[in-house]
Structure formats: C-alpha cells, structure tokens
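Same chain, two partners: chain A is paired with chain B first, then with chain C.
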Partner chain A sequence: MTGRLVTVLLFCIFRTAAFQAPFEPGVPGGTLRVAQKAEPKTLNPLVAIDAPSREVIRLLHADLITINRYTQRTEPALAESWKAAKDGRSFTLALRKGVHFSDGHPFDADDVIFTFQVYTDKAVAAPQRDLLMVGEEPVRVRKTGSHTVVVTLSQPYAAAERIFDGIAILPRHLLEADYRAGRLAKIWTVASTPQSMAGLGPFRFREHKAGEWIRLDRNPYYWKSDANRRRLPYFDEVVLRATGTEENQVIRFLAGELDVLGRLAARSYAAIEQKALPDVQLVDAGSSLEYNVAFFNLNTSAPAHVASKQTWFGDKRFRQALSLAADREGMARLVYGGRATPLWGHVPPGNRIWAAQDIAKPPRSIPAAKQILTQVGFQWDSAGRLLDRAGTPVRFTIVVSSSNSERSRLATILASDWRELGIDVQVVPLEFRALLDRLMNSKDYDACLLGFGGGDADPNPEMNIWLSSGSMHFWNPQQKSPATPWEARLDELMRRQMTTTDFAARHALFREVQQIVAGERPVISLVSPNVLVAARRSVGNFRPAILDSYALWNAEYLYRVTSTGGLGQITKSAQVPGKR
Partner chain B sequence: MRVRVGPVQLLLCAIAIYSVFAGRLAPYPAIREHREFPFTPPMRLHWAGFAGVYYCGLQSAGAWRGFSEDCTRKWQLRFFEEGRLVQPAKEGPFFLLGSDELGRDQLSRLLEGGRVTLSAGVAASLLTILIGLAIGIVSGYRGGRLDDLLMALASLFLTCPWIYLLLGIRALLPLSLPSEQSYLLVLVVAASVGWPRTARLIRGVVRSAREREYVTVARSLGASEWRIFRVHLMPELRHVATAQFAVLAPQFVLAEVTLSFVGLGIGEPGVSWGTMLAGLRDVSILLPYAWMALPCIPIAAVFFAFQWVSRRMQYTE
Partner chain C sequence: MKRFVARRLMQGALTLWVVSVVGFALMSLVPGSYFDEARLDPRLSPQTVEAMRNRSGELRTLPQRYGEWLVSCFAGEGGYSVVYQVPVLHLMLPRLVKTAQLATAGLALSWLTALVLGAWSANRAGKHAAAVADWLTSVLAAIPELVLACGLMLIGLYAGLVREDNLTIPALALGMGGIPALLPQVRAGLRQVADAPYLELAWAHGIRGWRFTLLFWLRAAANPLLPLLGLSVGTMLSSSLVVEIICGWPGLGPLFLSSVETRDSHVALAVVLIASGLLITANTVTDILQAAADPRIRESS
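Now for the complex of A and B:
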C-alpha cells in the first residue's frame, strides 16, 4: 500500500514537473542577436568540447530523442517514436519520414547507422563516445527498414533514451569519404564553406568573421512546424557575437546591440535589473543543476603534510560539525544577491525529478558544531584555537579556482565561518589548471571548493563522481576497492539505479544515495546558483530553462515581436554586421 | 643634503603613524563581518551639540539594492573607549567609508591594509638597497674580473621576466604557508631580483669617487682603505641610497598592489590595499559601489609624495 502511494506521489511530482504550456505561434523573419563569451573553435560535433562551439552546433544539428529543457523529460525529435524491449536492452526507433538535411538531401536510417558508427569509433575519439558506452560496450545500431533502427545495449540501462540527447545526426552523403580517409577531425571548421556542411537543425552555417561574429541562416528544410503548420524556425538569421567577457556582454546588451544574454552572473543580472529598462525581460529560472561543494582530501596517496590532517578530515563528525558551521543563507545572499539556493544535499532543488525532499536541513549553529567537536575530543586553548586530541592546532587551506570570482567569495565566507570554530583556515586561489593538477595528480591540498553538475538532470552522468572507482570521486578517486563501508554502499546503489528500469525503484535507490551523502558528508553542499538570463521583450516565446543551453534551447520557436505592426521586421539596431 | 620637513613628509609620517596604530584607530577589526550590511555606502555623521556625535540606523532595500538612513534609530559615537579611538554602538554598525561585500568596514581595512602595504614597500626597498650597496661597493671598489662578473650577473637579473618568476616561486611554496609569510617571501624575492639597478648606480659612484684627487691624496698620506671608505665614500653613497629609497618605496607599494591584483599577494583573511582593490576586477562592483576604490587615494598620495620628496632631493643636492 505504502509503495503504491509513493509511486502515485512520484507520478504526481513527475507530472507537475513535466507541465509546459505550448509555444504561441510566431511570425517569421528578423535576426536574433545572441552574446557568446568566446567565439566557437569549431563547427564539428565530433571534436567540439568548448561551450561556444557546442552552443552553435546545437543550432545546426538535431538528435533522435531530445531532452526538453523545460520539462527535463525526453521527447521525440528525429525519432518520432520508440519502443523498449522487455529486457531493457534494445530500443526500436521509428524515424521521421520526409525529413531533409539543410542541403536538401533526404535523411534516412543509413545516416543514423553512419552517425553511431562514427561516434563509437575509437579512432575518431569523439567526446560523445563515453556517453555511448554502456557496460564498457558501445551501443550497437542496426537498420530494420529505411526509417527504422534498432539500438542494442550490452546491459539494461535506466533512462537509456536520454543518451541520444545531444548526439547530432551526421550527413552520411557528405562525410563518408572523409571518414574512410580518416579526415573527420579536420572538417567543418569555422573557416569551412557553408556548402561543405549540412545538418538537421533549425539553422545552417552562413558566415564567420574571426573574433567578431558567426552568422547562421534559417534552414528551409527544417522538419519542425508550429501549431499552425508553419515551418520553423521563425527567425531568418541568428548572429552570435563573441564579446570576450561578461561585462562586455552586458554593456552591449544595454546598448541595444544584443537580443539575448545566456547565463548571467548574479552581479551582471543585478546591474541590468537596476537599469529597469522597459524593453528588457529578466528571467530568474530558479535553482540550476550546478552545486558548489567543499570537500576534504581523503586520498590515501596524499603527501605526508596532508596525511597528518586526514585524522580530522576522515572523521565523519568533524565534517558534520564543519557543515553545521557553514552559513549557506549568507552565501546565497552575499555572493549571489539572494539568487541562489542553500543546499544541504548534493542534488539541487532545480532537479525537480530527482532531488530528495527529506534531506535534513539543520540551521547554522556554531554552538552545535562546537558540541560535536567536543564529543570527538577536540578542545580549545586560551586563545580560542581549536586543538585536536594531541594538542595540535587545527589548521588547513582551502583551494579554489581564482578565475571564478563567485566561488572565491564562497570560499572566503566558508573560511570565515570555520574560523569561528577556532580553526585557522586560509583560502588559496589557484589558476584552474593548477587546481586540477593538485586534485587529480599531486593530491597536494587540504580542502577544496568546487562546483559540479550542470549537465543532465539524470543521475547517470554523475556515475564518475559517486563511484569509488570514478576519476572524479575527488576526495579519494580511482579506488581499487571502496575505502569505507558507505562508499561500498554508494557503489552498489549507483550501479543498481543505473540498470533499474522501474522509475519508482530507481528513485528510491537514488534517494538513499542522497541520504548517505548528506549523512557522511564526503562533500559539504553549500549553494546552487540560479539560472539567470536576459532578453529583449521583443523576443517572443522566450522561455529559459535550467538545463544547458539555457536561453536558446527552443531557438526554433523564438520570434521577433514588433509593436509597429510590421511583424518580423528588423529594427535598426538589429542590422546584421557586414550585411547591407 | 637636507630634506626639508614639508607637508608631504608630514603626510607620510601621518600615514606611517596611522599604519602603526591602525588597530587603535580602526573602529572594528579588519576582518570583522557584518553580513547583514554588505556594500553599505559611506554613512553620515550627525552633530547633536553637546550630546556629541551620532549616526543613524540602516534600512535595507533588499539584497544588493542598497541601504537608506533610518534616523528613527540613532546611536552615539563614543571616543577613547575599549582601547579604540572611535567606538560605534554594538546595536548598529557604523561605516564612515562604507562596507565591502561581506559587510567589513572599509575604513578599518584601509588602515590595517595600509600598515601591511607600506611596511612591505619600505622593507622591500631597504632590502633592495642593502643588496645593491653590498654588490655595488664590492664591484666598484675591487674592479677587475670580479667587477665584470658581478655586472654580468646584474645584466642577467635585469633580463628576468619578473612576473613569471614570481608565479613560479609562488607555485613552489607550500599551500599551508601563512599568507603573510608567503607574501613577505615574495617581496623578499622581488627585492633580491630588483638589486641590479641600485648596484650599478652604486658601483658607478664608487668608481668615480675612488678616482678623485682627494682620495688619491688621502691614500698617499697613508690613510687606510677603511678610513677612505668611511670618510670619503660613505657620504656620497648615503645620498644615492636615500634617493634610491625614495624612488623604490612607491614602486614596491605599487608592486604589492599589482601582485595582489593577480592573486600573488597576501590572501584572505589578510588585508592590504592590493587585496582591497583586487575585488575591482569585477567591473560590476566598481560602478554601483564606487567607495570600493577608496584605497586608490592613499596609494596615489603615497606615490606622489615619494616622487615629490625625490625631486626635492634632486634640487637640494
């Protein structure tokens, strides 16, 4: 009875999370001007790893099944339907018929076969290959009809349909020769000609001006249409300007040179908000999937001067006491101007489907923290310094990325909180690569403040963090066997949830993972910043989401709203650079 | 040579005294946070006749939306209590020069930061001059191969890319080194690397002086080398060293600011003028909260004051 009730409740939560109002029909025409912090390095989905490149590629290509950024659920894209086998190891995908690439060439099952062959080919070394590995084996795709394919996995995989999101379907007719010749890594650069490219996305590459902008044209063959059966996208052009820094983005946005600003820092958001411009819409989409955490070095191979401190760090009650002393509300208010959510568990509330609601949220309490430390055997000297059992003053450093000013400020506050316990804590900002080197290679650090998450809402992409053998299990990575019983339990739960296809059962497994993490505190969760975006009011259907890409995930539905009645006209400030 | 005691020297003395007694002059400890009052603008003082000086409470308009004065709540500012010049009320904070992002008093941080920045600038300059004097005197006095070797070494040091050298040295330092120590160590290294110009100058003065007629006469009359050095060379070197100090000190004050700006200076919870300005990398802070740039004023004052002193010395030579 209780199990059924839980299932019903989960279903209700799931349905609530999944609600999304339909997009209003727009009017065609116009240019959308978007800011990018840097210019894309490539237009090739097989080599792109930088955010600007991936943002452009998402506009040029389509996938078989996509994750709706708003509902966080999967929905049909180039595969109009799919059916899972009872054993959970194979899926039959029915592809859309009558779909054409942006160069007019028809799309069929051969393109899908070719695409997966390329992505899973070790020699190509595509960054997506790891996502397509299930149980150490790549997914297999075979054709059963001109528009039907069967995808086979080596083992059951929960939410298997999510792995298709972001896998851009490639045009076999253009790329097969390059693939056979081993030239795929060198094609589709920003200097390539538009004629050499084709995709199934809403836009197609038109022109690139180095260091300034990249221009995309509407794909006349795009396969999606609106409620009035009008072919999408609405905008004729998208211009993505490389602005360099976020300050430049804001300045150009305020000057009317940009329509959409992607994810903004809280400070920039506040700066635009203070202007109170009538033609600007600012959206706080709520808690993101990103979570900032502090963790201690529990590596068994840490240098001797760190190992001497691991007696403290390795004690769960020490970590719990330090967690109690952290002023999470203060961090959200002081660092993000209140546009962040304090965290007690590692899954932010923005992850509406998976965040456990029953994680304890004890309020900040220095006396309670001191009481725990006393119980463990710590004491204080006359100067108020915290001493361990041996009388050694508790002193350590927190490393943080110097390039992330918000995270540096979080570290400053956290260190100040811990000083109230009598601990001598120093913040050491390090260049990000130097920081990673200490985390991954030398293991020479005491504590670290880092941000995780931001990708998919599903737990599976974070296997690498929570499995004790994972390379991103930072506090003690790549363990041959779990160092602690609770890590062994985490391994078991994460592996089971990965292969459990029943949602309620999987939800219960991951809930236990969250409870273990919240109890053992291998990471001290701090805050999750909100997703903040800005756009001109003249951009219709603007509906930012907390998943990447925050503002442009529905680019095909965006349109220009004009008050003069000239629907779709380009305003003066919207003139495309370099175009008469 | 005499340096007249003018207003700028007095100002420098005042800054030095302020720095030495910063703990007493500052209304709060530099690291004391008032987290309910981030980015508070400079507050007004109200005069209440014989009742003394008071200040009003603050009304927040929301996170990052500023504060307004709420004079329904007033607190008297007390003086010479609890070992401090100024003692704000415990019920409500007082920020004469505003507060920073964590609600730390800018005035207290300015005073405490000045102590660190100025002392570091002075210490690094003195060290540079000491090294420069030692090497310059030996090189100029001994001449020959040793002179060639030392001057070649100076040339080598002059070609060093300082900032990369400092980045490398900081990376080699252990993380757990207290930030003040690591900062001083970096400055000591900076001074050690900065000696070549001073050494070359001193060497030139020594070489020139030892060839003068009165030195030759003294030597022919049987004066010892030590006497010649003490009586005839030292006075000239003292002038040069003093002038060098006036040139180097503001440079090292600026060096501290630069190092802190690129993250190589003193770290939290330490405070210096450089760390106070480092936050201004975020332009969106500077525009709405202009008082965060306050350390620029004493830095500029120190720089111009030292420059003025060195010019005056030039004219009074």
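Now for the complex of A and C:
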C-alpha cells in the first residue's frame, strides 16, 4: 500500500517539475552498489576532469551553495544563508556552525579562505579556476568572523551564487603543507590512504581495488539530517563498481549485482525494460542539458580543400536549407527509441528556466529546403546532383566521434537526409581525440557532428561557446574581432547577460541569443538525448535529475527499502513518466 | 649452456629497449592529449588546459620525455601515469595478477584439451576422436574471439555464471580461442613420432596406457611442441586483452584500452613492454627446455 502511495507521490512530483516534495524518512544501514562505466582516475578535486572521478568526488565533498538538481535553483549547503550587496559585487556568506570534516576536524571560515585561494591559484591550474574568474579577475574571499566570509567580484555577475556549486571545500589542516610545497596535483590519488583524506560530503573514502571498485563509507560527521533529525546519510557504504562497458553494466545489473545504473544509453534502457523485472525501476527523467549539433567549418585558417567549400557553408540560407532537411523526429525515434527530444533551438527543453519557448519549429521539408537552395542559385543536374552557381557538385564529409555509437548513427541519418537534396555527403567516424585534433588544431574538416552541454542550466558556463573569441566557438574559434554582424551581436548579448543581475532582463537577452542561433544556424541543433536511469525498487528516495550526477545527486537521502511487499506490484504504466 | 642463456638475455633486453623507443615514438605521434577532455568543457579556458598540460610535462620535447620515462623506470616506478597521477607500477601490479590468473586458466584449458584430444585422435584406434577433433578445430577456428566471448557471456548470463570474480566465462572464451591453433599441431606432432622405433620398443616392452602416452609418446613429441608453448603464452596475453574487455575482467586489457584512448602513454607503453617481455621470456624458457629435452640441440649450441 505504501508502495503505491509512493508511486502516486512520485508521479505528482515529476508532473509538477519545479516543485520538490520533501524526501521521506529512510532506514539507516546497508550498501548501495552503483555502476560506473569507467573507474575514477583520481579522488583529487583539483585535477579531476573525467566524469567518473567527479561523480565520486561529489559524494566525498560538499560546497557552500549548491544547485538543487531537481529544481535547478540554488539552495544553502555549507553556507547557511547569503546576502548580496546592493551593487551586486559582493556577497556575505554565513557558514554553518558546528560542522566537522570527515576526520573530525572542525570546519570554519579559514577552510573556505584556503579553498578559494587554492582553486584560484594559477600555479595549481585547477579545472574550477575559470568558473571563479569574473571579468578576468579571480573572486576574492575575505574572512569577517570565524563563520562568516565576504566574497567580492570585480564586476557585477549574474547568477553569482551558482559558481559555488561543485566547489568542494577542502580541509586546510590536511592540505596546507602540500599546497605550500606545490604538491597538490599529486595528492588524493586512487592509491592514497583514507587517513590522508577528509571532506564534508556524506561519504568518505575507504578502499580502492584497482580496476574493480571503490568503497566509500558513511561519514559519521556529516552535517545534514532528515526531517526526524536523524543524521544522514542512510547507507553505511557505497560501492562504485567499474564495469568497463555499458553492456557489462546491464548484465551485472540484471544479475542483481548492482542497485543503480547511472546513465544509460537508450538501447540498454530498452533492453532492461523488455525484461519487465518487478524489482526494477526505470526512470526517463526527460530531456538532458546535452544538445547534439552539426556545424560547418567556417574557419578562415581552414586548409584549401575546405576553403573552396566555404562559399556554401558561409551562406546562412544554405545552412537553413540543410537544417530544414534534417529529420529530427526520425533521429529521436531511430537512434534513441523515442527517448530523446528533437531540437530546433540550441537550448534543450530540459533546461526549464532558460529554454526559449518561441523558437520556430518548421517541420522537415525537402521541397522547402530545395526551394531555398534554388533561390540562392543552386541547381540540379540530370542525375539529381546538387550543383552550386559555378556548376561544381556539392560534396562534403561529416566527421563524428566513433566512440559514441549514438552520435555516429545520428550522422548516418543526417547524411542520408542531406543526400535527398542531391548532396554527396559521406560520414567519417574518427577516434575522439583525433577528431578534436582536427577541430581545434588542423581545422581539417568540412562538417562535424558533436554534442555540447551537460554542465549547468545557466548560460554563463557556455560563454566559451558563444563568444566569437571563445575556444569552443568551434565553427570559427578565437576570432580577433567578430567575423559577422550576428556574431558581434551574440558577443554583446552574452556579455550583457553575464553582468545583468535582473533575471527578467537577463532572460530576454538570452532569448535573443537563442533566436539568433536558430536563425543564423551556425549550429544545426538536432536532438537532446533523455536522461535514462535504472535502479532496484528497493532504493528509496530515488529521484534522478537531468543535471549530473544524475542518479546520485541526493545520495545522502537514498536508503534501502526493507519491505518490498507492496513495491513489487507496481505496474509499468505507473512508472515515473518522462515526458512532460 | 650459460653462454646460451646470457646471450638470450642480452638479446631480450635489446629487443625491449627497441620496443620502448618505437612505442614511445609511436605514442607521441598519435594526435590528442588526455587533457582534450577538458577542452570540450566550456567551463575551462584554453589557458587552464594548457597549464594542466604543462604541469603534466606533456609539452616537453620527445627526448626529454623519453629520458624522464627511463629515469622513472630505473627508479622502479615504470613510468608515471598522466591520467591517474600515480607511478605506473602501482596501476599495473594488481591488474597483472588478474591477467596472469586468466591467462593461466586459459592456457591450461587450451593445452589440456589439445593434449587429451590430440593424443586420443592421433591414436590409430581413435577414428571418431579424429572426427571430433577436426570438427572442433574448424568450428572454433571459424568463430572470431570477439563473437566467441560475446556468445559465452550470453550463455553465462542465463547459466548464472556472470558474477564478479567468476573466472569461468573469460577463461572458457580464452581457452577455447586457443584450441584451434594447438590441436592440429599437437596431433601432427604426435602422429609424426607414432611410428618411431623407440616407441615400438617401449610398446614391445609392454608399456601401455597413460604411462606410455605420458612418459614416452608425449616426451618424444615434446620437441616440436615446446616452441608452440612459448608462442601460445605470448598470444594468450594479447587475446586475453580482448576477452577481458568484453567480459569485464579487471586485468590489463581494460587498462590498456583506456590508456590508449586517453593517451596515457606511459601506461600503454608498460603494457606493450610486459607483453613483449613475456613473449621473450617464454621463448627463452622454451629454448632452454628444448635444449634440456633434446640432446642434439644441447650439443649444437
């Protein structure tokens, strides 16, 4: 009975997206067994750049202000409250009192000062450093009391409180000596001892078996407690098992060796769904923040054989015609089994706060695409091949990462869509890093299919993509001055939204960005894959979100449901719906 | 004999050194770096990524990096992993144990099968056995290792054998994959000596059954089979890399694959060196065994 109640409750929660019901009180004890595709490379937040490491680090550490993965809005963590100054340039943070690190050492403002000093230090080269740079200046943190700090920015910065998310607060008492000695890059490896580590997260590192698993145990000093004032987390242990491939993950999940599968490919999701196991809950959390796009090489420094094609690529109507020919619905259906969202604008609907609702969604139409091409001066020969004004057949290749099978299949569909226009398109799958080398160094490619996004819902982290001077402005990166008027406008809008503190004004600015991108089509947005996760029904409070770490963001609240009597009866139709 | 061993050791060391130079050069020719992953994250600036690369020593010249690697090898670290920030030896040892377990099981399985079936089918009485052996060889030779491993995983899944730390499926995949290369050779080797006068003599002495097969027949056929053993140890390691990846066995295979993908050159190089080292050692040991088993080889060296 309670099971059914829970399902109905969950159903309601997922329906009313932005509202989050409180977590139910859980039962302490047990081991949570989680699958990871690859093993974590390091436990050091100052060097980790891979997803599995970041996932583990999130369980070991805590931040000052966190982004609730569910509501996509900020909420207090180690900072109990914060107050912005009128000029929008400084924040006063009141830290939680009586908090201890996982080794029992008390936490205070000095740890925060130390943490920010380390992250913003150029010599440390931490991946978080750029997030803490506002207007080319690092944020400055000053102590005004044992548990109050003032954060100062060099210029007003929109959504400033979001930059604290994921900034793991480090234990000064353990790391100061290493910092002074310049050894921080070499600490907290997978080979380190648990005694050398401490954090403020719900779990602490205990043991690592190379290539197999990593075992965390409950942090007895964790500062969060549930509604009944019981100290969290509920689970005694978390074991993260590296399975190597996704297939192995699914096999071991089906064999009952795992409780949670972090993020699944649509194919694996369908395979588990087909088994219709009564003790498994499958959740389609809806559109992720990732967006798959195709774009053309517009680099001025492209090699000659590409440059000859840039007269086509550089014409916005050519790009618009090709966008019209792309079968987005077909891609979502064929590649993702329907568990993806077709995209016309570049911001996926999963980004509930920022996705513009008024982006035109013209249905796929080959005649309409051909009409545009005719207007621009393209024509067709007797064999149906598309010729440009000079009579040259239109022919190019799309490069795509071979390690991402879903993306390779997207490219295949896109190529066949474009072949219907009489274009000779070939797909060239390249090893991931070889592909990046072509994109960023040699600029030797015609068109590329790539996935972006996944970090935060806010536009600020994507500055590097949309600014014409950005290194990830892939179609023509690191421009000295904007090459086109619309890129100049994008620069202006993106810069302004970054410093505008009024939300409505900011929203309007970013909506214009989305409209320009949809109109000029520097990238042809295709689909956004849904976030798919699976877990045993016996995992309580399981509420996956579309932000990382999808299934484990509320790890401290997860618990083992001991009586499975009522839960086994849940029918498939009652499963949490993904589509909103 | 001592000179023979010393010469082989020298040759082996030289080969390893050449492999390390070639391997190092090849790895540095591959485009991309581990830190490219960070270059696709819009939250990181190119300057920070460059600083990370600089910190890792990746931006130094090739001879400098090779020198650093050599120093690290002589310091007993076996290189330094850019990805894990730990000495390579620390990554290799636990996985090497796992791979050794699997390779030993696979080797034992394939050789036992090949020897039993080979002896049985080489025997004049074993007509049916010959048919079975032929059939098994063709079928196993026709199935690529990849498909074999996947198929066995599927069977194992239904049989409930796919459990963590369960050696059955990967060992079966590896062992079965090794049989087609061994069985015909074992059989041919045994057939070749079947009519030898010393075997007839043994037979005439009334020696029969397993004593005959094991102590006389196999021993007589050992000479052509011993180099095969050396070779199969080497190939077993390279096939085990594939099997490990498919079956999720936490040995050197998955580490090697990911080290190539992430451009963790020291780790990839270490796996290559271990594989070559093993092959060299196995060949040297078989040469010595051969010399011990056959007086003619002993005399000539």
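As a convention for this text, the second predicted complex is superposed on the first by the 545 of 580 C-alpha atoms of A that agree within 3 Å, B and C clash if a C-alpha of one lies under 4 Å from a C-alpha of the other, contacts with A are read in each partner's own complex, and residues count from 1 in each chain.
The rule is simple: a contact is a pair of C-beta atoms (placed from the backbone, for glycine too) under 8 Å apart; a residue touches a chain by one contact, two chains touch by 3 or more.
Please read these numbers as outputs of a predicted model, since none were measured by experiment.
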First (chain B), second (chain C), both or neither touched by A:127: second
Partner chain in contact with A:267 - chain B first, chain C second, else both or neither: first
More chain A residues in contact - chain B or chain C: C
Partner chain in contact with A:416 - chain B first, chain C second, else both or neither: first
Which of chain B and chain C A:464 touches, first, second, both or neither: second
Partner chain in contact with A:402 - chain B first, chain C second, else both or neither: first
Touching partner for A:371 - first (chain B), second (chain C), both, neither: neither
First, second, both or neither for A:434, with chain B first and chain C second: both
Partner chain in contact with A:337 - chain B first, chain C second, else both or neither: first
Overlap of chain C and chain B interfaces on chain A (superposed complexes): 434
Residues of chain A defined as touching chain B within the complex: 247, 250, 265, 267-268, 270-271, 274, 305, 327, 330, 333-335, 337-338, 395-397, 399, 402, 405, 409, 411-413, 415-416, 419, 426-429, 434, 444-446
Of all residues in chain C, those that touch chain A in their complex: 30-33, 35-46, 48, 51-52, 54-55, 83-86, 90-91, 94-95, 98, 153, 157, 160, 162-164, 245-248, 250-251, 254-255, 258, 261, 263
Residues on chain B engaged by chain A in the complex (per definition of touch): 31, 33, 35, 38, 62-64, 101-103, 171, 174-176, 178-179, 263, 267-269, 279, 281-285, 287-288
Touching residues (chain side chain A, partner chain C) in the complex: 38, 41-42, 44, 47, 49-50, 122, 125-127, 129-131, 133, 185-186, 189-191, 209-212, 241-245, 248, 251-252, 254-255, 257, 403, 431-434, 436-437, 440-441, 452, 455, 461-465, 470-472
